[in-house]
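Each structure below is given as structure tokens.
Same chain, two partners: chain A is paired with chain B first, then with chain C.
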Partner chain A sequence: MRYAARIAVGPVQFRIGSDWPEPVAALESLYAGYPKDPERTADATVRLFAARPWRRWLRPSVHIGGDFVVPDALPLPLSMGLLAAEMGMNLQVALGWRRHMLLHASAVARDGRAVVMSGESGSGKSTLAALLGEGDWRLMGDEFTLIDPVAGDALAFPRAISLKNEAIAEMAGRVDAARLGPLLAGTPKGDIRHLIPRADAIAAMHQPVRPALILFPRFGGEPAIEPMGEGEAFVRLTEASTNYIALGEAGFAALTRLVRTTPAFGIAYPDSASGIALVEQLWAEAVR
Partner chain B sequence: MGDRHYVAAPADALRIEPLGELTAIFDRRSMQTHLVVSPIPEILEAMGPEVCDARALAQRLAARFDLEAEGDAPAIVADRLAELAAMGLVAEA
Partner chain C sequence: MSAVRTLVDLLAGRRAAATLAPREWDGVIGVARAEAMLATLACCVGEDDLPPSVAALFADQRAAAEVARGQALWEAEMARRALGSEGIEFVLLKGTAYAVAGLSCSVGRQIGDLDILVLALDIGRVENELLEAGWEWVKPDAYDDQYYREHMHELPPLIHKARDRMIDVHHTILPRTHRITPDALALVSDAVPTPGGFAVLCPTDMACHCAAHMIADGDLQGGLRNLWDFHCLTRDFVAADPGFWGKLDARADLHGLRAPVRRAARLARDLYGSILPSGWDGHDPGDIWYRRRLLARDDWGRATNFPLQQAFYIRSHWLRMPPMLLAQHLWTKWRKR
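For the complex of A and B:
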């Protein structure tokens, strides 16, 4: 492809090719502080391509392709090329990665132990992780957490954090503007702005940590903590894993061990401050 | 009803992991994960290598748990065995 970038996020080396320079330039800016290894073979390939050759210039629209393709994915306008790149990277990992069990979950770490937060879009898992990552936690990832099927450790996937809607203003007031990407207004997911993780989180992205706590956050309602049994946590995490079935018995073994060794809770919270307070409270009890 | 005969899966076919109130069963032949509740794990455990029926299993379970071997027990065990057969975890003999 005409324009290309190589980016390493956690254990995944991406190669992103594009018919246009803009998405590649935006990615290189967001990922400028990540370790580079141009010699390393790509684990996942993302292609952003024009449907017809002339569409590179005329109302350019970006199709997402790569090793794995979702046939019905709609093309995005070129102004959202960065979002297309991010969606492509997520897709290749979600569908193609086999070395670890992939959980659709955010995670933060402290003292070599991790809090894994799993939830649907809108649960606030991404915003909670972003806020904790600005405090004395290491951000491991806002979207995916990888579990080593042999050792049981959690591995980071600290891609640029995808702030959505209200979270944009909440974070913009706390961080250096140089860590924010361009505002992508009116995308199919609402307004999006990327936040580059702190340099210490990127530098530590290869350090595995032992899961200490699994949380299932739910935004809205009075603050509440609901202890969750191993069986329910297992069921929810099979649903949150994009490659559980593909991993076969290794995935089964990894997940049964994870839920047996890690306490799990559902939490409800009306605002970010109470969400963070609940995480800190449960953390203090879990590592005591 | 109670006179159908069943045989357990081969010894190495199932990986059974109790998870609190649920039990997760991985079937190595189909690569499927099944989540079951009591008395399914107890029934699987009570099945030996030989062919058996609901009445015989109800008697074995009654000897180990607080259960009447007569009454409803054989019919309940027969229903659970039919469900296990539908999941592929036991086979009709």
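For the complex of A and C:
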């Protein structure tokens, strides 16, 4: 393709091809601090393309393709090319990755142990991870957490954090502006701005850690902690996994072990400060 | 050299994996994924001599193919439990058949839907039994449903509500309206049992079906994989029976499939290096279009040569439907847009 970028996030090496220079330039600036190995073969291919040749210039609209394609996926305007690239990368991992069990979950780590936070879009799992990652936690990822089916460890996938709506202002006040990508206003997912993880989180992205705590955050309502049984955590995580079925017995074994060895809680929180306090409280109990 | 050529050369054994530069693998992997042959490739090339990241990816693919194979075989077992209790016999087709018969093309082969062949007179019972056992219609559209039943060689696809897996129930191997009418009764009555207790087409019919599916039915999408099947099937069958090619000729004549079978054999020779007997080893000027269609992919895995794709698409409809029916069909489809 006309323009191309190569990015490695956690264990996944991407190659991203594009009909336009803008998405590639935006990606390269966002991922400038990530390790680069030009000799390494791509695990996954993302393509950002114009459905018709003239749509490269005339009302340019970015279709998302690659190794795996979602039929009927709507294209995005070129101004949201960075979001298209992010969606393309997520899609290839979600549908193509087989080495680990993929959980649609954010994660942070401390002292070689991880808190895994799983929830729907809007649960605040991204924002919580981003906030914790600015404190004395290592950010592992805001979208996917990878579970090694053999060792049971959690592996990081620290892509640029996708901050949405209110979270943008909340984080912008705390971090160096150089770590923020361009504001993508009015996307189908609301306003989006990417936050580059801290350099130490990127440097440590290949270090596996033991899962110590599984949380299912819910934004809104009074602060609350609900201990969750193994069965419920198991079912919820099968729903949060994009490749549980494809992994077959190995996926079942990995998930069974995860919920048996890791305490799980649902938490509700009205604001970020109380959310962080709940995570710290449960962490202190879990690692004691 | 283009990635798709490199992929074909690797599969054919004309090129060693060790001779590829690390970044050459990008295109090969992309194209192999687009052709649903990445796990096939992973099983074909040795584990040595690969860059570490490729070796790791290929190990993932081999493991995933093994799980997928188990899941596909389980679907066959589910069909047996649904139909066997009523004494309905069925023949496995395509990927699942290759797997239960232990044929070399099944190594790493992706298996999509479960394809079975039954006698046309059993089709109503099969439909009832499958619906009772939890399969459901995928396409609730009345026109499509009627179209399948009147003109196609299979029932409209059914999907299992709990396992989310598709089954295609065939009563023959080409659409009813196709210019060629294979002998469906011979296909079922000459089917052979496998050690696991399933039935598959006899070797000559299996090769005929593979060629018919690739050359006479579709528009050659996924043709590299179908051609790989044909290459491996004929290689396996010749190894077991040196007289195989002669028998294949006779059987292809019975089904009216001589031309597609011969063409498949020539293409398999041209791309994958199949060794053909002297009577088969000819040349046809038309083959070049098929080779170009099969290799129409760029290094990003994108389909190329749009006019040729379209030409094969139109050809596939032309073969499958008489002109008046085609006109009616297109008119109905266009009005429903």
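The working rule: the second predicted complex is superposed on the first by the 288 of 288 C-alpha atoms of A that agree within 3 Å, B and C clash if a C-alpha of one lies under 4 Å from a C-alpha of the other, contacts with A are read in each partner's own complex, and residues count from 1 in each chain.
Methods note: a contact is a pair of C-beta atoms (placed from the backbone, for glycine too) under 8 Å apart; a residue touches a chain by one contact, two chains touch by 3 or more.
Quantities reported herein were computed from a predicted structural model and do not represent experimental measurements.
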{"item": "Partner chain in contact with A:138 - chain B first, chain C second, else both or neither", "value": "neither"}
{"item": "First (chain B), second (chain C), both or neither touched by A:67", "value": "second"}
{"item": "Contacts of A:40 with chain B and chain C, given as first, second, both or neither", "value": "second"}
{"item": "Chain B versus chain C as contact partner of A:99, first or second or both or neither", "value": "second"}
{"item": "Partner chain(s) touched by A:236 [first = chain B, second = chain C, both, neither]", "value": "neither"}
{"item": "Touched partner set for A:218, first chain B, second chain C, both or neither", "value": "neither"}
{"item": "Contacts of A:15 with chain B and chain C, given as first, second, both or neither", "value": "second"}
{"item": "Touching partner for A:248 - first (chain B), second (chain C), both, neither", "value": "both"}
{"item": "Which of chain B and chain C A:193 touches, first, second, both or neither", "value": "neither"}
{"item": "When both partners are placed on the shared chain, which of chain B and chain C touches more of chain A", "value": "C"}
{"item": "Residues on chain A lying within both footprints (that of chain B and that of chain C)", "value": "248-249"}
{"item": "Complex contact set, residues of chain A against chain B", "value": "229-232, 234-235, 238, 245, 248-249, 252-253, 256, 259-260"}
{"item": "For the chain C and chain A complex, residues of the former touching the latter", "value": "22-23, 25-26, 29-30, 33-34, 51, 53-54, 56-57, 60-61, 63-64, 67-68, 70-71, 300-302"}
{"item": "Touching residues (chain side chain B, partner chain A) in the complex", "value": "15, 17, 19-24, 26, 28, 31, 33, 35"}
{"item": "Sites on chain A touched by chain C in the complex", "value": "1, 13, 15, 17, 38-43, 45, 47, 49, 65-67, 96-99, 246-250"}
